[in-house]
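Each of the next two complexes has subunit A plus one more chain, namely subunit B in the first and subunit C in the second.
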Partner chain A sequence: MIRLTIDGQEVTVPEGTMIVDAAARLGVDVPVYCYHQALGPLGACRMCLVQVEKMPKLVTGCTTAVTEGMVVHTKGGAVEKGRKGVLEFLLINHPLDCPVCDKGGECYLQDYTFEYGPGRGRFQEPKIQKVKNGPINDLVLIDQERCVLCQRCVRFMGDYVGEEQLLLEGRGVETVVTTVDHQPATSQFTGNVIDLCPVGALLSAPYYHKGRPWNIDRHSTVCPHCPVGCSSLATTRESHIIRLEGRPVPDRDWGWLCDRGRFGYDFGYHADRIADSWVKERATSAAQATRDVAEWMQQTNAQYGPGSIGFVMGGQFTAEEAHLIKKFAHDVAQSDNVAVMRNVRGYLPAALNGTFQDLTEADTVVFVGVDPYEAVPVVHLKLRDRLRHFSQLKVLGVGPRRLTRDTMPGRDYLVASQDEAVFFARALAAAAKDGPGVQTLVDSVRDYVLPVSDADIEAFGQALLDAEHLSLLWDGENAAMAEVLAVLAGLREKPTAVLPTFGPVNWRGYEQAGIDPRYDNVEELLNKTRTGEIRMLVLWGADLTRDLPDRQLAEQALAKADYVVSAQVVPPLDMPYIDALLPVATWGEVEGTYVNMEGRLSIGAAGVQPPGQARPTRTYVANWGRLFRQDFGLDDEWDPFDSAQGDLISRAGNNHGPAQAVPRPGTRDASQEWTIIEGDWVMENGMPSEILEPRETEFVARVSPEDAARLGIGEHGGYVEAQTAGGTVMIGVQADPAIVERTLWIPRGSRHDWAQHLEGLVKLTRPEEVPSV
Partner chain B sequence: MKPEWNQWAREFKEQYPGANSALMPLLHRIQAEEGWLSDETIHDVATLFDLPESYVESVASFYSLFFRNQVGKKVVHVCVGLSCALAGSDRLMENLEHRLGIKEGQTTADGEYTLLEAECLAACNQAPVVQVNLRYFEGLDPERPDVLLESSKSPEEEVKP
Partner chain C sequence: MFEGIKAMAQGLGSTFHALGQPRDTIEYPEKRREYSPRFRGKHMLAKDGDGHELCVGCGLCEAVCPAHAIRVVAAEAEDGKAVSWTNRYAVDYEVDMIRCIFCGMCEEACPTNAVRLTPFNELAASDRLEMIADKEELLHPPVRK
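Up next, the complex of A and B:
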């Protein structure tokens, strides 16, 4: 530890700390542009000049590390003169167009000039003119005249994200920030440069000229688009969310967002948003729909008795709303058939659930079936951060496609989804054959043939055991992995953390509210519906057709139920079966708790009105309670934080019983030439966005580049005919080097109906005639 | 990509400690052959050295003697730095524009001359200064552009950057 004095106050900081950070500890603000803690020092802008005793000249506080006994002055004549000079230079060619700049009022050039700058410049010559509002891509604009050349954006994209899509072009006053070959930047993380840019040079295209600080409100919330639940700030104006910004949390989170989250905030007022109540395919009044549904429930209960109504929670509801549904089901509708919608079969006990801290400490990470870049993008950035600090990070992928990538290099073990658990079990048996539970685990798969050599299997097992701090990301596709992970955690005496990447985004919150989120539960509920034990289905955000892996079960249950009530934000694929479609309030319209993939509770604020007749869950259940003439204690104060430790859910309990054997996967039908695999892809999570349309593609399925060439699919994708057991469908496909040959990858829960119709895929062929898009 | 570029890249990589430092000589070498650096060249060089394309572009665009557009046989860089400006470089530029029939930034139709501005060429005591390819012409009379064009005709000036 180093002791030094800043502005007369003493402070002790770790060795290697820069003066600006030491000053921040004392609450002394040193102005900076180029410096950002996540990116490290650069020394490009000279804004952070401070005076250090015994040094002949002013020094940059962001590149000067503290030394013992150092005496620093951040105020005084010399520093003030230095700052004035730097600002005068920065403003020489600045257009001074603050009155029409989106960052006006949120800009460090304004703030610092006001605080430290000269009142006016002495430069009278004409200013250099550059590009104004040129595109970085469809979502981000650049005003090159306002840029102070701090390079935060360039360094973020290049060094931090690892996708070098921005650069400084030219020299001196002519230097500009632009994109490679002047082509649009395609990274999933481009929007972060808007937050990073200290001035008004990088701007959000959809927010362009939409609001100024005095006519907007900002609400602290979390992104609802994937289980990361990134901390963010929603900007609202006139009951619309018009911007989402990252919200850094000190010492924990840099506040990065992916472009899906940052720009996908408009689903609440998208043209597809359901704003009317529909009963039997006819729009009706909210009161009538509520009454009809209550009547159906009463009728069903009267005729078939308790337990004849099934409730399924999906969507992006808060934990409190899940609690209300559960309570209403039990107290009023007399049913304990309440389940969580699931699109994969796996479940992770809280005891094994790691946190993001486990990513910052890991020396080995394993991706089980999931490529974080696509499924949980900001986790990819968190791992990039780890890689910057720990270049030996070992990255291993296990799944039916390549899961590592250029920006996250590692080793892939290609095994079918159904073989993942077998692969792990055998790896453990090879590396720790006497470990507790290991022999039981492999009991029925000892001789199962895997496409990986014995040496590789053993090396993988050894890597799992040798890791000092092991973190695994798991997509939940192979349910038997839960067993393997429990045994693995028991074997290792070192930290072992699993982060589940599956949804629905708030499933942990629903679990906290007392609803069993396991696949078996929803499966049983639907089986009961299929057999007629449950007569009515209430789907709260759940879309069975889109999400349930067992599509046949979904269809049979929907067809069999006397009544299907569905509360939704946008039209579900279940539509043909629905008797009452209820418009419901969603993220940003209701305040409540979200629990993310690390089991952390956060509050999403309410900032806008739901459109049309859309009402909160609470209003629905309260009205139904009244119609049932039953007061069911809506105001019992359940608080999800009650059972949490700090803001994390409790990891206690879930004691793992004796190990169980990994079931032997069924043999594959050898006549099937193609294998279908599924993966999560945030862009295809079902929530529509007009803003993100330029980023969307019709060609959401993927094949290997070799297959694409054979099928005559061009660079941006194309249509092919898929011959399946149920007939021929036209599907949109593109090439992806991560996919192996004779494999068709489709996004899980795609909004494309054809994606749910590919069972028994026999063959893909080039269509005779390509339909025009 | 020309087949010999591969060879050159290998040679420069051996001579220099890293790809970053071998980049400049390779760009010079290629420009000496091609006359300029096209987008495609930038892309190829990035591939040869396994560097991000953005990095190669940043370097190429930083130096005024790397040409990102096609140029004539003689590139005339008129210094517009402070000393040269005080000594009449704007007038010299006008006269050259008039004499060559082109504007700053353009190339004559016969492909002989390209006329460009340069920032301070570090010979202020001899202002105004013009650089033609690699040779400096100093203490020029802004009203007599012909002197410059005549004297830059000698064969030794054919060296291109």
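Up next, the complex of A and C:
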């Protein structure tokens, strides 16, 4: 620790701290443009000049590390003169167009010029004209005239994200920030440069000219697009969400968002949004729809007795809404058949659930079936952050495709999804023969043939056991992995953390509300529907046809149920089976708790009114309660927050029984030429977005580059004909080097109907006629 | 009694004296008073010599308005269809004449000198909504008869 004096106040900070950070601890504001704690020092803007005693000239506070006994002055004549000079230079070619600049009112150049700058500039020469409102891509605009060349954006994209898509071009006063080869930036994280830019140079295209700091409201909320649940700020104006910004949480989160989250906030205003109540395919009033549904429920209960109505939670509802549904089902509808919609079979007990802290401390990270860049992008950034500080980070991928990438280099073990658990079990058996439970685990798979050599399997097992801090990301595809992970955690004495990346986004919240989120639960509920034990289905955000891995079961259950009621934001694929479609309020329109993949509770605020007839869950259940003549839904006795636990859910209760053997995977049909694999991809999570349309592609499925060449698919993708057991469908495919040959990757939970019709894929062929896009 | 007659004569005296004096009453609306050119009445939005609006929709008037009487919604002009002198312009510009206290701060805050308070002060309507002046109304300031 080092002691120094800043403006007469003593402060003790760790070695290596920069003067600006030490000053911030004392609450002394040193103006800064280029320095950002996540990106490190650079010293490009010269704004942070401070005076250090015994140094002949002013020094930059962001690049000077503190030393023992240092005496720093951030005020006084010399410093003020220095800052005035720097600002006068920065403003020489600045267009001073604050009235038309979107950053006006929240711009550091304005603020510092007002506070420290000269009253007027002495430069008489004409200003240099550069590109105004040029594109970085379809979502981010650049105004090169306003740029102060702090290079935050360039460093973020290059060093932090690792995708060098922005650069400085030209020399001297002609220097501008632009994209590589003037091609649009394609990274998932380009939107963050808007938040990073201290001036009005990088602007959000959808927010362009939409608001001003004084006519907007900011609501702290949680991004609803993937289980990461990034803390964010929703900007609203006149009951419309017009922007989403990252919300940094001190010591925990830098406030990065991926482009999907940052620009995908508009699903509530999309043309597809359901705003009317539909009963038997006819639009009706909200009151009539509520009455009809209540009547059906009463009728079903009267005819078939308690327990004849099944409730399935899906979508992006809050934990409080899940609790209301659960309570309504139990108290009013007299049914305990409540389940959570699942699209994979895995379940992770809370005791094994790690936090993001485990990523920032990990020395070994294992991706089990999931590529975080696509499924949970901000986790990828968190790992990049770790990699910057700890270059020995060991990254291992286990799954049916390559899961590591250039920005997250590591070793891939290519095993089919169904073999993942076997691979882990065998690896553990090879590395720790006598470990508790290990022999039981591999009992039935000892001689199972894996496509990985025995030496590699043992090396992988050794890597798992030797890791100082092991973090695993798991996509939940292989349910037997839960067993393996529990045994692994038991074997290791050092920290072991698992982060589940599967959905629905708030499944932990639904679990907190008392609904069992296991796949078995929803499967059992639908089996009961298929056998006629349950006569009515209430799907609260759940889309069975789209999400359930067992499509046949979904269709049979939907067809068998007397009544299917579905509360949705956008039309589900279940549409043909639905008797009543209820418009429901969603994220941004209802305040409530979300629990993310690390088991952290955060509040999503309500900022806008739901459109049309869309009502919050509370309104529906309260109205039904009234129609059932039961007082219901008006008291708030349940709170997911537990003051003893803080904002993390309880990890207690790991009463994991004796280890169970990993079941032997069924043999694959060797005659099938193609293997279909699924993966999570935030861009295809079922929520439509008009803003993100330029980023969306019709070619969502992927094949290996070799297969793509064989099928004649161009650089940006193309259509192929897929001949399946059920007929021929046309699918959009692109090449992806992460996919292995003879494998077709499709996004899980895709809105595309064809994704559900690929069972028994025989072959892919080049179509004779290419449909026009 | 003499005192009374005297007082009455005095009173009538000033009445007859005033009869000959020029009158302060203005026979509104046939006749109207002269106002100072600096009188702060209803707002107007000015245009430049080329017919482009001066207002760029920056919203500073909205920010400074102590009565929250102004609402500005800006937008980007389509290429070749410039509304203002730059690519940003005000799609909506509303002044709530009921709320307005005619302090003139909007005029003072305006960086482009687009908002001006005219001497026009004949603000009356039979409907509250009519008292909200929209952009069209403000672009065509009324002339006093």
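Going forward, the second predicted complex is superposed on the first by the 766 of 773 C-alpha atoms of A that agree within 3 Å, B and C clash if a C-alpha of one lies under 4 Å from a C-alpha of the other, contacts with A are read in each partner's own complex, and residues count from 1 in each chain.
As a convention for this text, a contact is a pair of C-beta atoms (placed from the backbone, for glycine too) under 8 Å apart; a residue touches a chain by one contact, two chains touch by 3 or more.
These numbers come from a predicted model, not from an experiment.
Enquirer: Should subunit B and subunit C be called a clash or a fit once both complexes are overlaid on subunit A?
Expert: After superposition on subunit A, subunit B vs subunit C: fit, no clash.
Enquirer: Contact-wise, after the overlay, does A:Pro250 reach subunit B, subunit C, both or neither (first, second, both, neither)?
Expert: Touch partners of A:Pro250: none, neither subunit B nor subunit C.
Enquirer: For A:Trp214, select first, second, both or neither according to whether it touches subunit B, subunit C, the two together, or no partner.
Expert: Second partner only, subunit C.
Enquirer: Output check: A:Gly158 vs subunit B and subunit C. Expected answer is one of first, second, both, neither. What do you get?
Expert: first
Enquirer: Using the touch definition from the top, say if A:Asn133 reaches subunit B (first), subunit C (second), both or neither.
Expert: In the superposed model, A:Asn133 contacts subunit C only, not subunit B.
Enquirer: First (subunit B), second (subunit C), both or neither: which does A:Val180 touch?
Expert: In the superposition, A:Val180 contacts subunit B only.
Enquirer: Could you tell me the angle at the CA centre of subunit A between the CA centres of subunit B and subunit C, given to the nearest 10 degrees?
Expert: With subunit A as the vertex, the angle is 80 degrees.
Enquirer: Answer with first, second, both or neither: which of subunit B and subunit C does A:Leu167 touch in the superposed model?
Expert: In the superposed model, A:Leu167 contacts subunit B only, not subunit C.
Enquirer: In the overlaid three-chain picture, which partner chain does A:Gly657 touch, first (subunit B) or second (subunit C), both, or neither?
Expert: Neither partner.
Enquirer: Just checking: does A:Val100 make contact with subunit B only, subunit C only, both, or neither of them? Give me first, second, both or neither.
Expert: second
Enquirer: Quick check on the superposed model: minimum Cα to Cα separation from subunit B to subunit C, whole Å please.
Expert: 29
Enquirer: Output the subunit A positions appearing in both contact lists, the one against subunit B and the one against subunit C.
Expert: Correct list for subunit A: none, the interfaces share no residue.
Enquirer: For subunit A, which residues are in contact with subunit B within the complex?
Expert: Counting only subunit A, the residues touching subunit B are 154, 158, 164-172, 180-181.
Enquirer: Would you pull the subunit B residues touching subunit A in the complex into a rising list?
Expert: That would be residues 39, 43, 52-55, 57-58, 61-64, 119 of subunit B.
Enquirer: How about subunit A: which of its residues touch subunit C in the complex?
Expert: Residues in contact with subunit C: 97-100, 104-105, 133, 208-210, 212, 214-215.
Enquirer: Write out the stretch or stretches of subunit C touching subunit A in their complex.
Expert: Touch list, subunit C to subunit A: 56-60, 62-63, 71-72, 74-76, 86-88, 111-112.
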